[in-house]
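Labels run A, B, C, D and E following the written order; every chain starts at residue 1.
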Amino acid sequence: MTQADGTMKTEKKPFKPERITSAKTTQWLSNNKQLIGIFSVLILLSVFFSFSTSSFFTTGNMLNLLQQLAPNLIVVVIMTLVITTSGIDLSVGSILSLASALIAVLLSARWDSFFAFVFVLIVGAAVGLLNGYIISYLRIPPFIVTLASMIYVEGCALLITGGYSISISGSSWLMSLGGGELFTIPVSAIIAILIIIIGWIILTQTRFGTYIIGIGANEESVRRAGVNIKKIKLFTYMFSGMIAAFAGIIIATRLGSGSSNVGTGFEMDVIAAVVLGGTSLFGGIGTMLGSVIGVFLIGIINNGLTLMNVSPYIIQIIQGAVLLFAVIVNTYFFGRNKKRN
Amino acid sequence: MTQADGTMKTEKKPFKPERITSAKTTQWLSNNKQLIGIFSVLILLSVFFSFSTSSFFTTGNMLNLLQQLAPNLIVVVIMTLVITTSGIDLSVGSILSLASALIAVLLSARWDSFFAFVFVLIVGAAVGLLNGYIISYLRIPPFIVTLASMIYVEGCALLITGGYSISISGSSWLMSLGGGELFTIPVSAIIAILIIIIGWIILTQTRFGTYIIGIGANEESVRRAGVNIKKIKLFTYMFSGMIAAFAGIIIATRLGSGSSNVGTGFEMDVIAAVVLGGTSLFGGIGTMLGSVIGVFLIGIINNGLTLMNVSPYIIQIIQGAVLLFAVIVNTYFFGRNKKRN
Amino acid sequence: GCSSNSGSSGSGSSGKKITIGLVTVNTEAYFFTESIKGAQQEAKSLGVNLIVDNPNNDPVKQSNDIEDLVNQGVNAIIVDSIDVKGVIPAMEKAAKAKIPVISIDAIVNSKAVSTQIGVDNAKSSEQLGEYFNSYVKKNMKEPVRMGVVGALNSFIQVNRQNAFLNTVKKTPGLKIVNIVDGKNVQQTAMNAAQNQMIGHPEMNTAFATGEPALIGLAAAVKSQHIENKIAVFGWDLSKQAIDGIDQGWVKAVVQQHPEQFGSEGVKAAVKLAKKQAVPKTINAPVTIVTKSNVDQFRSLFK
Amino acid sequence: MNDIPRIAMKDIKISFGSIQSLRGVNLELYPGEVLGLVGDNGAGKSTLMKVLSGVHVPDSGSIVFEGNPITIHNPLEAKKLQIETVFQDLALCDTLDVASNLFLGREPVHFFHRLIDKKKMHALAKEELDRLGVVIPSTYSAVENLSGGQRQSVAIARAVTYQPKVLIMDEPTAALGVKEVRMVLNLIKKVKETGVSVILITHRLQDLFEVCDRITVLYEGKIIDNRLIKDFTMDSLINSITGEVKEAK
Amino acid sequence: MNDIPRIAMKDIKISFGSIQSLRGVNLELYPGEVLGLVGDNGAGKSTLMKVLSGVHVPDSGSIVFEGNPITIHNPLEAKKLQIETVFQDLALCDTLDVASNLFLGREPVHFFHRLIDKKKMHALAKEELDRLGVVIPSTYSAVENLSGGQRQSVAIARAVTYQPKVLIMDEPTAALGVKEVRMVLNLIKKVKETGVSVILITHRLQDLFEVCDRITVLYEGKIIDNRLIKDFTMDSLINSITGEVKEAK
């Protein structure tokens, strides 16, 4: 117990310098192994489909795919944030349905496009806010809270449509959200890309994102660091509701109709994409890029198999098998933590 | 650094003995606060429905409820185990569909009831085994694995039924699984109760159950204790598949028909019951009794509201709201960890 | 705009075998399965390619499937719409690419549709309603208490439900005890129907809007042992429904001829692809199946 | 000791279910003082400190901060009072990198205060860790991959760099090597000189004699001894901790 | 020291991503010997012990156990060789109760070996903990509610009751009170007498001089010193650990 007062330590150990240098790139690579894995699988599948069917790798089909996947791409961004906090939002599908129904009803009632648009977003945000409040302030598990929301929101959509689909007419700027194009690129796809970039920035470059990851890793630690974790969770779920409503508007304007069941199963598609992309359902690890690739992977499997004219009776079997194959390749060949057995 | 060699310690501190005594009952109560909460909610709702509608609290309705919920009660037992390991099994609904379709097809093909029964269970177990293998040996997240299984198993069900619903006839013992009664009590309910008891014993009284909880709490710790965690997970998912198939047979024999979509949404019902009951989706905490109460809670909400003649257009809204109310009462008023703010 | 090239190149290749796309609703219900079968048989006999897509009840996926077919450059597309309004933009894309669209079953009001082949669900349901009214007049003295098992997530079935209910209103003293949502799943429909029967022991008639609802309703009737006090009406035959007709408690079932949708659809599609004229609407008949004519359907459900 | 205490906790009680962890604790801490808090395992030391840092809200009792009665409802309020804590369980976020953990809750920002200035953050983190003499493979590694001692060093560095008025260290040296322990002790001496009050919880009794002004002994949720360091010898301290000094007091 | 070593590890190498944690380590352990393993934070001590207890599979290198070359693929195989470990992170299951953690993997059973004999398990657990002098509120409490020292005591009790041939203790006394540390040291002496080989990792150097026969010093993933305890003084040990003794060796 004599020795050294610390400040002179770093100089004293010259003989293994590479252990101390901050290996940023290597770190990134090893953190993102999974990302490389799933990206390789995506490329693999794309190449396979390109060879199997000539119509796959055409500009037309690619743009088409972009437009089809735009709502998923938009919602996957916020879902990635939600899941990174170790939460989940099962209500996005219903909110999407409700939004599509509501915008149709409002436009039929001759509301101004802008007000209708804003109102629907507010309704989505309100549902999300309620979710967030119950989850963060009353501390009830997100799964059960958003499941309950999913049920009652779907009920609301059913109530306002009466089970029918309601057509949307008019060709305002609102309609171009779903169906419009800008230099042949679907407007919805452009919006999706913008939202993805914003989401990526939030997750990786802002305090909000850091706290989201931290909450997923160890909520109590973030709380002890003096962060208002309740507010962060509240906002995350609120945004989730709002963005789901936005996606609902896009789908409604694309279909030219609102109905209470357009969002059925949507939440599962999105959650699957997030998990496939490498974000952990247990929180603390989130990758925006992975989620985006996840959406494309699932989308391409559907699109490619359809273009290949696989019989509808076996298409699901192949979809499931390909998905399984994709994750196995991804995790097994580009796997993490090989030290354990 | 002089003092005491430990063995004489307990005697040396007489002045606060109540801190050392093993407070088993208090411990149980504080561990099961949540259970008491959800049970109170169940009673509350039952009382409410009894007063609102005379047909609710009748033997007929209660037996009816038991029979309706039997498949859920059966599957919730294994789902509780799966979720306690911090896993999830999304494929139970599809396996249930497949089993219902398969038993119908086999019986139509004049297979012996017993062999058909066993064969279907084996198919279910095989799907579960594959899930378990990929999850535990290839270490791929259960969510995505069982999601893929859900898709391809549903595809298989579709393929073998060709989309038709296939009627089951004959009045062998097999048919009594779904529709039979023993002293006015539905056979399926008796089976469910047996399985619940077995499940409870496994979870709380056996090594297997302890390891399941341990895996959920800290998989690595259980592994370091020398337990073959892969085998445990493998078996858990295998049983999950098998039991789902069993529930499928019960549903098919009750409906008198097998079809590829009877299990749609079933997995969510079951998972919701488990979570509602107080089992954590993050694993390590599992309560069989809670899950059973969860099934009844969800079932009673549906049953009671229908008996009360709630319009189908708003029934979902009320269902969602009641569910939300139930968890809020449960967690907030019987909440854990009041020390935190 | 982007897909016009591939579309025209597809229809221009007259030397190649004609390819027709069929986008159905799902492959789980008898109705759609039969229509696919009819289409496949017709395609075989006419020597054309048939691509079948299954959007599995998802209207968004259905639109995507249609767009995918447009991209593939098929010669004609047959659609059984899930959302009769939501499907229009995708159909318009097809029309823009000069691909004829044949709408079967559900009626789509759009210029993009070249030919409509269908059953008017509302009209057929009204027919069943009239049958119900006359049945009640003849056979039932006690006040009519009716339970409905529907599928609110299906537009077509909501349509049938409302048309039926509108028609049976004419029966004096009729009261709807309740409408329950079977969600197009047999097991759900059965539980809902059972709850309904327990809640309303006075219920003496029931209406189911589709195949899963009717099968679930039938199972519920059997498990509650009320075969001798209930009269069941509904849509879409099944083995259970035929058994019920034989036992006398199922009174009438609307049966469509879905295989005709398929075969007529393919016929029209091939003609349109060859630029031949096809009538704007082709009607497919329905049959109200009762004890008197059930024998001719028995062979379908063995 | 100075005039008014920086912190005075009065009759703090807290229980978890059937377990009474604190059974009426009074504790005073003066500016520029290093207080050693010792006691057996399970005596309630960590619980008491969690009350002070806002992690637990006590069942009863009051806290006076620089003469003003206050209540600390959550960790943020404690931070606002400049009470910083090195928790026994470290309270790190495993999947975040070293720099993010170090600056959790007060990340340097740029771009209209919207984005984290990552470059600056990592540079500052490296500087801070170097200054404390902590060797860490990289400020970009996730803390879950660090060794036990490295993790503890990160937690210490975090608390210190906040420039606290009150610094609570709950067994900060448990996993540390010889040199690192030295560094922590020197650090305590240094911050004490700037007027910081320090509460040091440790089972390494010899360290207490080196840095503490006063020692408080907790025993089964009660304070049973509280004297200036000069009134203790190693042996009398051990006797006090093990609860055998009651008569001597 | 006896004839053949109980364990001989040869040229063990392991790296995680870009970090080389062990860069060729040779280690021998004889029956009835207490070996002190020391080194700076992050030197690789825990990693080396994880290799020995089957947690990590090394990238290269070999292990000889009582003369037979073996490979340890997983913790179960290590347990079969009667290698027991107190891990630095304790490896407890937070939501399981104390008794279940203590007997994890070898619960006493009854009823045709199907059910856990809970009564017996809790009684045995109480006995075992009492014997070691550990005070725990109840064997029914979940370990997540225990204090740091109580948790560590449970982990120690677990490893010891297995009657190992090799007992690895990775900083077992880090969170322990004075008395408990004493208890652990006495325990080590006791098991040593029965022929158990012990590897003790600790930063409390004075403890080493009390119980160890030999000390091995790890520095940045390599062994840089390995001598009998009598060849060390406190100062020379510190010099060795901090890597300043290379010339003296």
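Definition applied: contacts are C-beta pairs under 8 Å (C-beta built on N, C-alpha and C of every residue); 3 or more make two chains touch, one makes a residue touch a chain.
Only a predicted model underlies this, so the values are computations on that prediction, with no experimental measurement involved.
Annotation of subunit B and subunit D: jointly contacted by A, E, touch as defined at the top. Farthest from subunit E, judged by the mean position of CA atoms in each chain, is C. With centres taken as mean Cα positions, subunit E sits 71 Å from subunit C. Rounded to whole angstrom units, the spacing between the C-alpha centres of subunit B and subunit C is 36. For the pair subunit A and subunit D, the distance between C-alpha centroids works out to 40 Å. A separation of 45 Å divides the Cα centre of subunit A from that of subunit E.
Of all residues in subunit B, those that touch two or more other chains are 1, 3-4, 13, 19, 23, 27, 158, 162-163, 313, 315-316. Shown for subunit D are the residues in touch with two or more other chains, namely 16, 19, 55, 74, 135, 137, 141, 178-181, 205, 238, 242. Subunit C has residues 27, 36, 152 in contact with two or more other chains. Remark: subunit A residues 53, 55, 58-61, 63-64, 68, 71, 158, 162-167, 179, 181, 184, 251, 254-257, 259-262, 264-265, 302-303, 306-307, 309, 311-313, 315 touch subunit C in the complex. Put simply, subunit B touches subunit E in their complex at residues 1, 3-10, 13, 19-24, 27-28, 31, 201, 205-207, 210, 213-214, 216-218, 220-228, 284-285. Across the complex, subunit B is touched by residues 26-30, 32-33, 36, 150, 152, 177-181, 183-188, 190-192, 194-196, 198-199, 201, 211-212, 215-216, 218-219, 222-224, 238-240, 243, 301 of subunit C. Within the complex formed with subunit B, the subunit E residues making contact are 53, 55, 74-76, 78-80, 85, 87, 91-96, 100, 104-105, 107, 109, 114-116, 118, 122, 126, 130-135, 137-142, 178-183, 186, 206. Interface residues of subunit A, counted against subunit B in their complex, comprise 86, 134, 138-141, 143-145, 147-156, 158-159, 162-163, 268, 271-272, 275-276, 280-282, 313-321, 323-324, 327-328, 331-332, 335.
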